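Letters A, B, C, D and E mark the chains in the order given here, with residues in each chain numbered from 1 onward.
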Amino acid sequence: MSNPILALRAVNKSFGPIDVLHDITLEVKAGEVLCLLGDNGAGKSTLIKIMSGVHQPSSGVIEIDGVACPLPSPRAASEQGIATVHQFGGTFPLMSIGRSFFVGVEPTKGWGPFKVYDRRRANAIAVKAVQEFGITRIDDGDRLVGGLSGGERQSLAIARAVHFGARVLILDEPTAALGVKQATHVLRIVNEAKRRGLAVVFITHQVMHAMAVGDHFAVLIRGAVAADFKKGEKTREEITDLMAGGASMASLEAEIESQMAQA
Amino acid sequence: MSSTISIGGLLRRPEAGAALGLVAVLIFFAIFGGMTFLKPAGMASWLNVAANLGVIAIPLGLLMISGELDISVGAMVPFGAMTTAVISGHYGMPIWIGVFAALGFGVLVGLINGFLVIRTAVPSLIVTLGSLFAVQGIVLGLTVLITKSTSVALATEGPAKAIFGDFVMGGQLQVMVLWWLGLTALYIFFVHFSPFGNWIFAMGGDKISARNAGIPTERLTMMLFVLSATSAAFVGMCQAILYNSAQVAGGQSFIFNSIIAVVVGGVLLTGGFGSVVGIFFGTITFAVVTQGIYYTDFDRNWSSLIIGVLLLGAVLMNNTFRKMALSYAPKKGGK
Amino acid sequence: ALSAEIAVIGGSNDDAFWNIIKKGIDDATPAVEANGGKVTYLRLVNYDNFAPDVVQLIRTAISMEVDGIVIPNWVPEAEDPAIKDAVAAGIKVILMNAGGADKATELGAINYVGSDEYVAGVAGGEYFGTAGKKNVLCINTLPGAANTEARCKGVIDGITGKGGTGVQLPLPTTSFGDATAVAEAIKAELLKDDRIDGVITISAGDADSAAIAVEQAGKAGAAMLGSFDMNGAGLERIKAGTQGFAIDQQPYLQSYLAVSLLAAHIDFGTDLPVFPVLTGPGIVDASNIDATLAGVALGAR
Amino acid sequence: MSNPILALRAVNKSFGPIDVLHDITLEVKAGEVLCLLGDNGAGKSTLIKIMSGVHQPSSGVIEIDGVACPLPSPRAASEQGIATVHQFGGTFPLMSIGRSFFVGVEPTKGWGPFKVYDRRRANAIAVKAVQEFGITRIDDGDRLVGGLSGGERQSLAIARAVHFGARVLILDEPTAALGVKQATHVLRIVNEAKRRGLAVVFITHQVMHAMAVGDHFAVLIRGAVAADFKKGEKTREEITDLMAGGASMASLEAEIESQMAQA
Amino acid sequence: MSSTISIGGLLRRPEAGAALGLVAVLIFFAIFGGMTFLKPAGMASWLNVAANLGVIAIPLGLLMISGELDISVGAMVPFGAMTTAVISGHYGMPIWIGVFAALGFGVLVGLINGFLVIRTAVPSLIVTLGSLFAVQGIVLGLTVLITKSTSVALATEGPAKAIFGDFVMGGQLQVMVLWWLGLTALYIFFVHFSPFGNWIFAMGGDKISARNAGIPTERLTMMLFVLSATSAAFVGMCQAILYNSAQVAGGQSFIFNSIIAVVVGGVLLTGGFGSVVGIFFGTITFAVVTQGIYYTDFDRNWSSLIIGVLLLGAVLMNNTFRKMALSYAPKKGGK
């Protein structure tokens, strides 16, 4: 297999007295989807915030292409080709769809000091990207983001990261707010990104989604990597148990299944 | 289709409410103030006020769009004026040294404001309230120490007078009006056409997401604070040159006045929404309201009341339009 | 008691007038200190909450257990009880700047040093009248404050006494400290009412704006400009003939004399037979401008 | 079957020029779980905001116990025993866990005008309710909500509604941000509420979750009720298609499934 | 366990920073101002200032916790004073009529402010800026119209004087200090112990969620605006009775001063966080800083600078503590 694009070596993170991550060592390889699994509060979001330059590790090293490379800011991460969809936010309620899509990397026309923001092109690209997610209701890039539904906004944020993620695409629970159609589309996009040789880090609480795209799985329990395995090395049931923080889900699953059976 | 002009499209612009508000107060004063108010001399009267306010209000408005506030402009106006007057009036050095020193102090105070806001996460209202007091103290202390007086005279001639503090176009308009128009055009370009403007709106909309999107929010915040403090020092400097004198006191009215102009201009106090053209209209509206009173026959004792009521009216009109903007979407043909 | 500790209460920090008062205090202080005494200057921060703030300063002075207080009696209803308390506490009091001889006697103060806002205003109004002006506008940028209202009232009464008329123009707070807004307001009034032939401002800084307004309105030469108090630019205008006069109460003398008299009274038991001690109003115009300019250069006028 | 507790009759809702809901007629019965399904932007959240007094319908009638009963405010709804977990928000970052849990219905001790907020009791109840969701990390009711993870906050909001929902419990995508364990627990709670005779309205994008608890299903497509059926009347595939806004999901499902099969 | 007192628990209280700030300035002035400052007469000097400010600052602080702002208090102080003076001084009616009229106008203006904020969604800063001007205009216009003067005398005797405007405890402390302490105790009870206080915090944290949780946000907003306007009118009324006179001008300094006191007291400008005790400490800190200057030998010209720097320092200290509060969690024994 190829060398890792992005690697964490013995990374720790604490907020004041609260230790959130312990000795995390992980590798993200080109053309591979790494699924980060774990219970609520396990530290997944914190971990990817370190990968995207939002937080700085308390100790430990971030390597890019095998070279130690601190990411002091989100800008530094995006200059390394790392694009992230965070769990919350990412869009700007009072901005137009086009402007929100291109925020920070606005397309321009003209030359020299007279470069102007190319509104028409930005709107066209943004609307196209969002419509590809099956959200055909949106056809005007000048509409304000604040008027969109939760899922529509989430699709916009994902479309943005996919559009700009040059080497690493990090998605924190991207499908959580999405409808069946949109979620399926996100999974298809993840596969497409993988095929194009990007490294993808994917966080989800849905086993089916994880198994549909993951090549490699890392399970966090209380801030430490509790399991790290390849596709096919564990069964669906084992993964489910791990996602639940190591608790045996057998009984719970059975319960739900039995209710479904009654249906 | 996105470039055709529709009524819906016009109404959802942040400046729509401000423009209508301006038309309303103009009509009001045309009726009650008579025609003197719209003759050149009358127009110059509110244009001059608008210009001095506007040069400060636009950068302050940008700060507000980005989610911050700068109260210290109230002290920067006398600071700029006094710096010029002390250097070029009291010490008699060339006027250009006074001009650059005034602007230089503006940059310095802006940097300090910006630095404190970024590093400490103290709300900018409070940081700049602190620097308002501190700068007021410095201006008073230093001026008295140096000149033994709180009012310093300054006589300027030559190009500096013509560029910064003279009257143009038949001796009615302050040269500040030209500065104001020019700066407004520049701001419109940078805020609404250059990519850079997008960042300010993003910051005001959601600072964390903006930072996560790779926008250098800290550098931008610094820049905006520098811009507002320097603009205020610039206005003070020009006033000192125009009126041949600088006072330690004064300038505080710029604080509320420019906030009013900005908000009447359709900028959302909580950030993320607004436009330079709107602030431009808001500034004129404010100037018309405060100066228009003098052309009417209303008892002067009631002018505060009239200003208060007109302001509330303008903001209400404005707000109606912002609501329409947010819920606006082009109607589809069929369902 | 030997070695007098004296507190002086005065107006706002950044007010030119009170800065000259401070110069008088500073000049009188070495003599007091030479005798082992001390002078403390208590200043209002602003005029926003006038009467309560002044009374608060008097109480502060009493609490400092000083031997003497120099104080302007701006708002008698409010200040009188506090001043009586000071006198009752054995503190020697001199009224300065505002109050007058009758008040001093009533309150048990040892003297009154100063002019009177109203009297100064009357002097200004009469100066206009003597110069043949008929319609005078008194620009009040701080409407509602007792001292500025007294100035304008004096002007109006003064000009009325000379057969003319006077009006006060109260400017809203939105224009306070904005030179352009003040200038444009005055210009607008001049444009609107062509009969106005005299303009007077309540402070020297406002006169800088008024000068531009008069010129802009095309009334240079027709409308006479006057001001209460003076600053460098105003004196230059008087010298150049674009401003008629400035009303000067010689604040330097007020504080200098008040502090010296009080300290000598406390330290040596001296008493001045002159009662009250009037320092103004004096009018500065073309006739005495040069001597005044010399004093200004030293921060004493 | 029993009479509906809550019913909407021909309800329409538009925001200015945007029509969001068309002629919705729906019934929510005691001891029954109504699953609201539909694509992103179909109008589900808007619909339940009408049921919980947040929005007023543009036209149409809300009936409670068969009597027309407008809900002018959320307070009016909660007085009718309707408790709602909205899709976003619902907790207060700078408040303590205990206070956030009891906001609006604070427990008190003492009497008369000297009733004081019973902090100890509030904290104890709140911590217990959240821990029942499997979030054992939280044991101090004085901690601020702002320091919790997304899932932890969501659990807090749900625990709150369950605690106060007297007759109708409305949950808008409650499981979206939740881990496997927590989501399972929510489903168990929904079943428990049903057993206690509450009416439950449940919004989700996960077919499995819907089928695990739903008795009755209503599918919204572009703001109109496109299908309204009972448990067992449709297959999993048919429901999935409907959830995707009527698009045939067969091909997409197949695609994902085939990828899973490769695992 | 939750009732034992721990250092962590103390430090995460909103008033921790304010208390430390107060101690710091007290030490500062004890060193530079000498002991007079801490003797009864010296203490009375800053307690009196704190009392008048504090009665306004607490309701304003509650408004800020709930996410609103009220600038109009600056006009309500002279309005309250003038109403009492005109009714009971100029017209000579019984003092109680003046008292009730002053409070009644306070309620009225509060209702108008609250109504406009609720109904129009215009930010409260702007609404109350409008009513600030409007009330200023009304006070000036009506007073001049009725009394032909801007300063009205008022002589009060009997119980009203003793209750509202007299000195107590050896003639040093204003009776306002007692009102302030009593009101502070009441506010502490309502805000921190009664369930009602919780609502204010919830509103400031997230107004929509608060409304969704069934809190009558609109009624509460109205109530808080009424409270702040009435408190300001109350202070004005008491000042008129104490000082036997009322002026038209004035009161604006209460705006910034009370905002400063509130923020130094640890209230988050964006709402949702703060405490009455913190505001109480913040008010005293502000009063000590502004009055303390008089007891020192610093040149008076620099007092603004010192106030500005002390303020910034107090807020910085404060902020450090809020951050600790947010990230605080009890340490576990084992992992």
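Keep in mind that, in the parts below, contacts are C-beta pairs under 8 Å (C-beta built on N, C-alpha and C of every residue); 3 or more make two chains touch, one makes a residue touch a chain.
The shown structure was predicted, so the numbers you read here are calculated from the model rather than taken from an experiment.
The minimum number of touch steps linking chain C to chain D comes to 2. Using the average of C-alpha coordinates as each chain's centre, C ends up farthest from chain D. For this pair, chain B with chain E, the centres built from the Cα atoms lie 30 Å apart. Separating the centre of chain C from that of chain E, both taken as means of CA atoms, is a distance of 33 Å.
Chain A and chain B, compared by their mean Cα positions, are separated by 42 Å. For chain B, the set of residues touching two or more other chains reads 136, 140, 144, 256, 268, 301, 303-304, 307, 327-329.
Shared interface positions of chain C, i.e. residues touching 2 or more other chains, are given as 13, 22, 143, 170, 172-174.
Multi-chain contact residues of chain D (touching two or more other chains): 15, 18, 147, 222.
By the touch criterion stated above, chain C contacts chain E in their complex at residues 13, 22, 40-43, 45-52, 55-57, 59-60, 62-65, 75, 77-78, 80-81, 85, 142-146, 149, 170, 172-174. Interface residues of chain B facing chain A in the complex, by the touch rule stated above, are 2-3, 9, 189, 192-195, 197-199, 201-202, 204-206, 208-216, 268, 272-273, 325-330. Contact residues of chain B toward chain C in the complex are 36, 41-42, 44-46, 48-49, 51-53, 77-78, 89, 136, 139-140, 144, 147-155, 167, 171-172, 174, 176, 239, 242-245, 247-254, 256-257, 290-291, 293-295, 300-301, 303-304, 307.
Chain B meets chain E in the complex at residues 116, 120-123, 125-127, 129-138, 140-141, 144-145, 256, 259-260, 263, 268-270, 299, 301-309, 311-312, 315-316, 319, 323. Every residue of chain D that touches chain A in the complex is listed here, in rising order: 15, 18, 38-42, 45, 87-88, 134-135, 137, 147-152, 154-155, 173, 176-185, 187-188, 191, 205-208, 211-213, 222, 231-232, 240, 243-245, 247, 249, 252-253, 255-256, 259-260, 263.
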